[in-house]
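Multiple structures are listed underneath, in structure tokens.
Below are two complexes that have chain A in common, paired first with chain B and then with chain C.
So, the complex of A and B:
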């Protein structure tokens, strides 16, 4: 490498490792316990190992991995500042997520014919979505979780990954009627669970991916109109939807009741100002559900809106990378797979950030990679794995073209 | 373990928040610089590989309207062939529907064709329609495809090429002889098999104008790009004086000239 050519991986990784060393060391000085000091060493070490060792073992896109590492470690950091037990759990789940990501990378590389797998995934996904209304437990007005002993699972998060595979398969083959049936069935089951945020996410992802695959604007607009009709029907028939819209319009009308969550979130963001109140200071625990839905408000309170903007830009970089990989794909299925996963991550980020900042009504989805939630984190890592798998195939094809061009000048 | 008082911690935390903001900014800037650098690198690599993503060309042997004999249409790995401009291979010819057929390249077999409902094509005198099994009549290197009034011949790039003769008698077997060149990702390709032969064109299939090399003048271009424009550092095409194979561009000392893979076929296709 010439002297003037800098290694972007090294520069990004070093800054990320330094950031987490400083932050965890600062929190360790506050607590004075061994966990803090261990994390101050372990987290940067894992980031460095992940950046330099993993790409040698697996076909991984390094920029995607770096950004994912940063966001997951940010989740560990914020959770540690409020509850160290949650941070350890999140870190362990991230390890599981890495395995799931590698599995998805190899799945995309190895499977050549997806038909049988897709037709297996369809009934499995519908069965998983049907479980919460039957045997699930209602939490915060929605029946999204099933419990296996002490382990809680959110089937709608797992089905997200299957949905992307199903969408990519049917759209690449232009089989729209079966696809429509499957998507409508998924949406109906989600409405039964009253998981309207995830239903909105599924709907928007399916519609946008259809538009990208077909370019058919009239049908897409018709779908959007149907979605608007469904949203209006939901507003008329679900009381909690009306409540959320009312809170979004004016949270201070019931600031100690239904609007308390949003009021606390906005107050925390405002009190953080540009540079934040300081890591470990402030009162993040006063925000309800500060570990999952409102973790972005905690980030803005502690680090400031400037840093919160940087986090948003990191998500934007991740989305851009996914879109670039999708655009370079050699087959329609691979392109739609990468684009679908990218779209889903991007839309999920927009929905939750928009809700926290009171741009749109709250939807109850989590911030990918950062929010506390095992199923959500593993599902997000699987989506990144699908994007990485397509990226690795693109690189293989390009290398083959280069090789053939040199072999036959 | 070692800890500090609440007052000292507060001072440290307030001081370090600017460092954290700076770190966040640097991470974002470096991430986007990395993104842009990768994009530039990929573009420069693709600039030297104008045929990247394509498996070969369809050479027009006979056509009408905007499709003139001698035109070369790049063929991607998969796509749609039809008369609409949005198609991946555009054949603006009478008898060709807007979206006439879907095609996909299958490693080890060839280009599989799936005509849409109500559409037909002929592959090496074998008719195919929406009911036919695509594996029964794959389009291989040298195969002839007739759609509507257009007659085209497929030529596959080196490393992917194999002729119809090298296919097993039963297409369902799906495996090729060991001599056929197989693309293998990340591994060195086998030596040139040398056994590739082009199937002879059957005059009984109908009157067809003889093949004219790529540099034939005055051919009206269709909406879709017939051939990608040459990269600036590639040697320019020299029009042939006759049907004799054109000599390759003179190589600079110690370095062979860079040519598109499709240009390699000029001398092979003279008839």
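So, the complex of A and C:
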């Protein structure tokens, strides 16, 4: 890898680091808050150190790394403006997430026989998903949290990573029946938790990845029809689903009651306008769940819809990068692994931002990297780790080919 | 494997496009709904802003001060009549009138998104935080004059009603009045209780059957299909029986005999228009109504106007026939019917109604530059010209709108008398829509008088008000131009 001063990806890292140094410094100067000053140093430092150290361990995709860093740090920044304590928590999880990412990269690079690991992951995932209905607690209509002392965990987030590994494994071996059983079992367990947003995400990811792997359009469409049937069933049987749909159709019907969240979200977006009211300004705390589900509305209020659109473009860039890595993978498994992770992150972004902007009913999933929520952030970082792992293997193979070509011209 | 890679790219492309689509949708919503979302009473940002900032002044087009803040209290015009005439436009202190300027434009009035320049200006001049100054397109004196006109005629005195006047070239709203109204300084509970829904802005929020004014749309549908239809022969036998229980009659059971479409329009013959609607069929008439913005989601920048209704789905023969003269489930606001007349006057292009002429910050910078826009083209230039000529006959050729004519002006229009049942009681509405065809006074108007007496028509009630409005324009051209 060239490390010259003109390397544009290096420059991108510097710009991202500088952006966060300046923004945190501005907020810290306003508040005179120690947390602000320490974040102004720590966040750019993590970004720079990561960009310096990681390429020495294995070939890493710098653009993908910069995008990931930018989005995670954006979460820290937005959370700081509403509650500095949350920002510290998010920053620490971000550090942990980077380690998890490195672990996943190594995992992809080191493991050569996945079968045993996968057969271990399947019962583990199902057991994790079965936990919340047994010992969990209900938050926002879904019972999808478990508590270990002071630590709260969301199993459905952890299982996302396992799901991608499982999907890639079975789809690359074309053993569809066990896969169907596993996915249906996962969906049923999620339904039990009444976590329909995540169930929808799992379903769409599995179905689309199946289509990508097989190209079998009739079966995919049949699956989609089953999904539509399931959605209808959910609409008929869950009161909170019917309510979500009603809110989506007209949030102002009950703007102080059921529609309150969405109305406040739209009001925040409207008051931000095109260029926003400014960093740390506005009244983001008037939006319910402004730390996770509605964090995009806070971004739009402070930075404006223009910047919000730029954030969407960053997610689009992340997806394109992921798909490129998947397309240059050497084995079917690796390709599906990178594509599955990309697909999951992309669909999750679509679902939550579509909900916040009132295009689709709210599904209550998190915005990857940005939303507050430890398990979600670490899971997203693990998914990026899978993509990066495949990318690094591609790079290794490329170097090998070049080497061979030089030895045997 | 190769095909699989191809699918990777397809899915990535689709996901990326969907994300870009979200951004575009967000921007579109911001452009069309941000004022509507921001100005809601539930917006806590606004509540906080109102405590910290003094609201800006509101002026009319001639610089008359309509609203200002003195010692923390919002003050409106000096006399009671002047205040009442503007109450639905500006709003009251309690915010009981929905979407009036004081609430709908609160983002501008309280300077929510003030620029850096204003902050610097405030630092230098050490002034308090003051919102932007709004100049409206309204002529406040005309609003008062219309209110006086309503009480000046025996046929309209004490009636509920509405009037809208707009410039059909630019879309500027010159006057807007809803009756009954009240003086916000003397609005006691007991006074409000005696009035018929005084908080309701009838000009923009209330939907009425358009009656014979809808014949403009039916005529346009006939003309768009056959440009020579103006002189086509029809026969009116005084009644058109569609079933044992439903037959179309004309006002006072008149029998018009053989007549052309032009004459049918002049005499507002229901039988001919019912037959025409049946001949056009449900789809052609619905398509023309859509062209004239019936069923549109109105997202005007400065005004919240209720969406007009044209019945959807299958129609019975009776309903279709009644649609021809605006008596089925069709419903429209006075503002929309004014826009309809404006579109005819403006060569078939419907202007977007505007209420804000300019918004200036304390430092004198124009926050919102003036721009006019259109709703769209409602009919061809030729159809508009034919309609203009037919509407001329209605006022100047001995038709039902004769009472609206003003010497030296070129007034054209259409009257309407619509029937409706409100709480089991039959109510008649008198309409007049029209415009002045002279280019130096390019104004269109719509006047509605509610609950007119038996035997009265739009031509004997609202047309009188229209005449007074046009006379005002003739006498004070400098105020309205």
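Rule of thumb we're sticking to: the second predicted complex is superposed on the first by the 401 of 409 C-alpha atoms of A that agree within 3 Å, B and C clash if a C-alpha of one lies under 4 Å from a C-alpha of the other, contacts with A are read in each partner's own complex, and residues count from 1 in each chain.
Here is the rule we go by: contacts are C-beta pairs under 8 Å (C-beta built on N, C-alpha and C of every residue); 3 or more make two chains touch, one makes a residue touch a chain.
Please read all numbers here as calculations on a predicted model, not as lab measurements.
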Margin query: Clash or fit: chain B against chain C, after overlaying the two structures on chain A?
Written below: fit
Note to self: Looking at A:350 after the superposition, I want to know if it touches chain B, chain C, both of them or none. Which is it: first, second, both, neither?
What the structure shows: second
Notebook entry, point to check: In the superposed arrangement, does A:281 touch chain B (first), chain C (second), both or neither?
Noted result: first
Next item on the list: With the two complexes superposed on chain A, say which partner A:263 touches: chain B (first), chain C (second), both, or neither.
Entry: second
Next item on the list: Please work out whether A:38 is in contact with chain B alone, chain C alone, both, or neither, and reply first, second, both or neither.
Entry: neither
Note to self: Between chain B and chain C, whom does A:249 touch in the aligned arrangement: first, second, both, or neither?
What the structure shows: neither
Notebook entry, point to check: Mind checking the angle chain B, chain A, chain C on Cα centres after superposing, to the nearest 10 degrees?
Noted result: 120
Next item on the list: Kindly classify A:208 by the partners it touches after superposition: chain B alone (first), chain C alone (second), both, or neither?
Entry: second
Next item on the list: Mind working out whether A:11 is in touch with chain B, chain C, both or neither, as first, second, both or neither?
Entry: first
Check: chain B to chain C: minimum CA distance in the overlay, Å?
Finding: 6
Note to self: On chain A, which stretch or stretches are contacted by chain B in one complex as well as by chain C in the other?
What the structure shows: 215, 313, 320, 324, 332
Check: Where on chain C does chain A make contact in their complex?
Finding: 1, 3-5, 7-9, 11-12, 15-16, 18-20, 22-23, 25-27, 29-30, 33-38, 40, 42-45, 48, 107, 112-113
Note to self: For a test of understanding, state which residues of chain A touch chain B in their complex under the given definition.
What the structure shows: 8-9, 11-12, 15-16, 18-19, 22-23, 26, 28-34, 37, 63, 66-67, 70, 215, 275-276, 278-281, 303-304, 306-307, 310-311, 313-314, 317, 320-321, 324, 328, 330-332, 396-405, 407-409
Check: Which bits of chain A are touching chain C when the two form their complex?
Finding: 208, 211-213, 215, 252, 255-256, 263-264, 266-267, 269-271, 273-274, 277, 282-283, 286, 300, 305, 308-309, 312-313, 315-316, 319-320, 322-324, 326-327, 332, 335, 339, 342-343, 346-347, 349-350, 353-354, 357-359
Notebook entry, point to check: Of all residues in chain B, which touch chain A in the complex?
Noted result: 1-4, 9-10, 12-14, 16-21, 23-28, 30-35, 37-39, 42, 45-46, 48-49, 51-53, 76-78, 86, 104, 157-160, 183, 185-186, 188-189, 256-259, 261, 264
